[in-house]
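In the part that follows, the structures are each spelled out as structure tokens.
Paired with chain B in one complex and with chain C in the other, chain A is shared by the two complexes that follow.
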Partner chain A sequence: MGSDVIIFIVYLLILLAIGVYFSRKASKSPESYLLADRNVGPAVTAFTMQSTSMSGFMFLGGPALAFQHGWFSIMYAIGDAGGGIVNLTVLGKRMRRMSEILGALSPIEYLEKRYESAAIRVVGAIIATIFLFAYVFAQFLAAGKALETLTGWKYEWAVIIGVGIIIFYTVAGGYLAVVWTDFFQAIVMLLGVIFLVFFGLAHVGGLSGLNESLAAIDPSYLSIWGKDYVYLGQWGVIIGASLIYMIGYMGLPHVVVRHMSMKSTKTVKTATLWAAVYNQLFTYSPYLLGMIGIILLPNLSDPEMVIPTLAYTLFPGMLAAILLSAIMAAIMSTSDSILMQAGTILSRDIYQRFIDKNASHQKMVLVSRLSVLLAGVIGVLVAIIQPPKVFDLVVFAFGTLGNSFMVPYIAAVYWKNANKAGVLSSMIAGGTSNILWTSFGWESVTGIHPFLAGLIISIIAMLIGNRFGTPPSERIQEIFEEAKGERLLPKNVEKNISKDIGPEAKVISVFLKEGHPVRG
Partner chain B sequence: MRVIQTERIGYERKEIELILEKMDPESAFTVQRHLYYPYLFFEYMLNRKSFFHPLEGNIGCTVDGVNKIGALADTFPRLEKKTVPRQAVIENTLELTDAEPIAENFLLNHIVNKKKILSVPKLQLTKQMVFYRPYWIVEGKSKASERFLLMVDAVSGKYHPLH
Partner chain C sequence: MFHFPAETFWLVVPWPFIWLAMGIIVYFKFKRDDELEDQAKKGDE
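And now, the complex of A and B:
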């Protein structure tokens, strides 16, 4: 067994230890297990959001795209670099406030309560379950393949070991273990990629040297239109490429749940700063490495292996071990979040909502744990058996989730009169159009990226559908205003509020409203 | 009128107004009234014989009489009997028998988490009672003429806005 594999095993054991450490805290209540008691600080929120958003694609698919198309791929990086900032700025504070007022523990439950419709929860849970599972299958498959290639383990064992660790710490430590392992893994991802870019650029003579060499091989590598100018003039594709990662994350349930678990609305500001710094350091690097690969690895047969091959060619030994861990960190930090979300939907949105409404706290924690375990075991079986047709769904997972949920999440906090008819139309039309656009290859005919098409159609459906629905109740309209969070208190007074008497304040507010008014 | 066991007021009306005005000199604060909020107090004797983590002594817990949430009580509340208007009292919705398991669970969780011990210590109930904590309802007016309400714990001085 090589030193790189030993280092990687130590890394896996650290993740396990984090899961075990948080297992007791997670058992306190469903809110502890599913949302870490809404007490996650800014750095952890930012890093878990970024490492969850950036999957194995950043180390395998992204660099492969750069290897094939050159600077066109940087459009995806631009979107990614702004993604976390846009997500936190647009949704952060308002979604944090509204989810707490509504008492929602899952992003699907949040939609049901905001739009006062069980149908939204049913449709939302169906879409989320299908495509989150598809997403998790893809991540498990990637985990198995990456481990198989990098360690030489048999594929089946690679899936069982790699994914088994994820399932174990997620079941034991719940959301708290997920966000803390993500925090740790985000740092590993960043270190791995920064080392490589630094030495990779040194090998090709810096950015100028890289561009000169690319121009010498094929000048179209330097254009934003792709190799051989394949996307020439197709602004719909270029804009869609940036948009998909800049705003698409706002539609992913396992990413937006990070807003609901923040310590307070004050967390948003610092988290945005952390996300901004992290993204600028991280997101461009994998694509730059893909382009460095064009020069240093001209005979590479599998473009997805550009980063691993570069690492093992340039830096055998310790650095390669860090890189192996970084690749797995990207895959695992996304997998655990999706797994957690799939488990949350099964336990909270299906079991508690439709099977046992009065389940006790202890029972709900147990059901949540079993749901995560069930989702994990199904994922492992599918990744090993690889039944045909299931992986066809993977192609649609990201875009369909984004196009189904993004408009409803934004409208929930920015459009007071958004109602259930509009949201149902938007979810169904957005998701369906993404599937059709991708299945029938309409991107090449129309010159419009499937995500951009889905986004436009979901907005139109929301506007039209909303005309046929009834306005939200007075209570929801009040909550909407409260979630806007306009400052009513002077700054110094707000600074010293004692949160621990918040429950009493709620009771006294109601008491005063119901006939015991204060004079004045 | 109604006779209740209430905690002694630690901060009088004028003191509260002065403290708040010192905190934000640009706003004006006026105490409008006071309210009595129900809590259930439980005191236990704790005795855990262990070589590494021996635990001995008394420990107290208050349970919110409406929200049914436990909290650690640092000291035994200083109580007095008072006759107060009925409309100043928030009704207790929790019986002592229903609140006792909440208090015990809360304390056991707290002890196990704080002391990092694996075995659960034994708690012996020594005292239990219902009492009411006084809260001041304070109206504030900011420089921008925005009106807001605060509830101030008349014992500790902690406050929270009302919506």
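And now, the complex of A and C:
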């Protein structure tokens, strides 16, 4: 066994230790297990959000895209670099407030309570379960593939060992273990990729040297229109590529749940700053490495292996082991969050909601643990039985989740009169259009990225559907106002203000209407 | 600069600075909101 594999095993043991450490704390109540008692601080919130968002795609699929298309691929990074900032700024405070007032422990339950509709929970749970499973299944495949290539283990064993660790610490430590392992893994990911980019750029003569060499091979690598200018003039593709990771995260249940678990609304400001810095250091690097691979690895047969191959070419030994850990960190930090969310949906949104409404706290923690375990075992079995192309599935699942849930989550806190009819239409139309666009390859026909198409259709469906529904109840409208959190005056002042200025306002409006002064 | 074509340079290079600036602006905006909220809460008490 090489030193790199030993270092990697130590890394896995650290993750296991974090799971065991948090297992007792997580068992206190369903809120502890599913949401870490809503007590997660800014740095951990920002890092878990980023590492959850950035999956194995960042180390395998993203660099492969850069290897094939050059600077076009950076459009995905540009959106990704702002994703966390946009997500926290738009949803952070309001979703944190509203989820607590509604007493929601899962992002799907949150939608049901906000829109007062069990149908939304059913449809939401079905869409989320199917596509979260597709997503986690793709991550498990990536984990197996990466481990198999990097350690030489048999694919089946690689999946069982790699994923077994994730399942263990998630089942044991719940959400708390997930966010803390994510925090640790985000740091490993960042260090790994920064090392590699630094030495990689040094090998090709810096950014100028990289571009010079790319231009010598094929000038179209330097354009934003893709290799051989395949997307020339297709702004629908370029904008969609940027938007998918810039705003798409706001539709992923396993990402938006991070807003619900923050310590308070004050957590948002520092978390945004952490996310801004982290993303600028991290997101561009994997794509740069893909382009460095064009120069340094011209005969590479599998573009998805560009980062692992570069790691072993440029840094044999210890540093390569850190890279291996970084790749696995990206995959594992996304997998654990999805697993956790799939388990939450099974336990909270299906079991407790429809099977045993009065389940005790202890029983709910047990059911949550068993649900996470069940989701993990199904994922492992599917990953072992049929491995199709990994990243087609990721893009498919990501886009469908984003298009189904993004508009409902934003409307929940920004549109007071958003109702269940609008949300159901938006969820179904958005998700379906992404599936159709991706399945039938309409991107090449229309020049519009599937995510952009799904987004436009889900907004239109929301606007039309909303006209057919009844407005939210008064209670929800009050909660909506409270979640806005724009009260800048003490309650007693607010209460008296309308009484004080009411008569004066009436006089002014009569004057404006009738053009003559009124005696007060 | 960096041997980029002009179009690629202007569509790519400013973004890290734009995002960082946005992160900083949002930080100070939220900081102000938090302070105002605290003041309002103190007024309630």
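A few notes on this one:
We adopt the following convention: the second predicted complex is superposed on the first by the 477 of 520 C-alpha atoms of A that agree within 3 Å, B and C clash if a C-alpha of one lies under 4 Å from a C-alpha of the other, contacts with A are read in each partner's own complex, and residues count from 1 in each chain.
We adopt the following convention: a contact is a pair of C-beta atoms (placed from the backbone, for glycine too) under 8 Å apart; a residue touches a chain by one contact, two chains touch by 3 or more.
All values reported here derive from a predicted model rather than from experimental measurement.
After overlaying the two complexes on the shared chain, residue contacts for A:Arg96 are found with neither chain B nor chain C. Comparing chain B with chain C, more residues of chain A are touched by C.
Look at A:Glu482: by the touch rule set out above, it reaches chain B but stays clear of chain C. Judged by the touch definition given at the top, the superposed model places A:Val277 against chain C, while chain B stays out of reach. Touch criterion met: A:Lys266 reaches chain C, while chain B stays clear of it.
Contacts of A:Arg24 after superposition: chain B is touched, whereas chain C is not reached.
When the two complexes are overlaid on their common chain A, residue A:Phe511 makes contact with chain B while staying clear of chain C.
Residue overlap on chain A between its contacts with chain B in one complex and with chain C in the other: 488-490, 492-493. Taken in their complex, chain C has these residues touching chain A: 2-5, 7-8, 11-12, 15-16, 18-20, 22-24, 26-27, 30-31, 33-34, 36-37, 39-40, 42-44.
Note for the complex: chain A touches chain B at residues 24-25, 28, 482, 488-490, 492-494, 496-509, 511-512, 516, 518-520. Of all the residues in chain A, the ones that touch chain C in their complex are 71, 74, 78, 81-82, 85, 88-89, 93, 207-208, 211-212, 215, 222-224, 265-266, 268-270, 272-273, 275-277, 279-280, 284, 485, 487-493. Interface residues of chain B, counted against chain A in their complex, comprise 20, 23-24, 26-27, 30, 32-33, 35, 37, 64, 66-67, 69, 71, 87, 90, 109, 112-113, 135, 137, 139-140, 142-143, 146-151, 153, 158-163.
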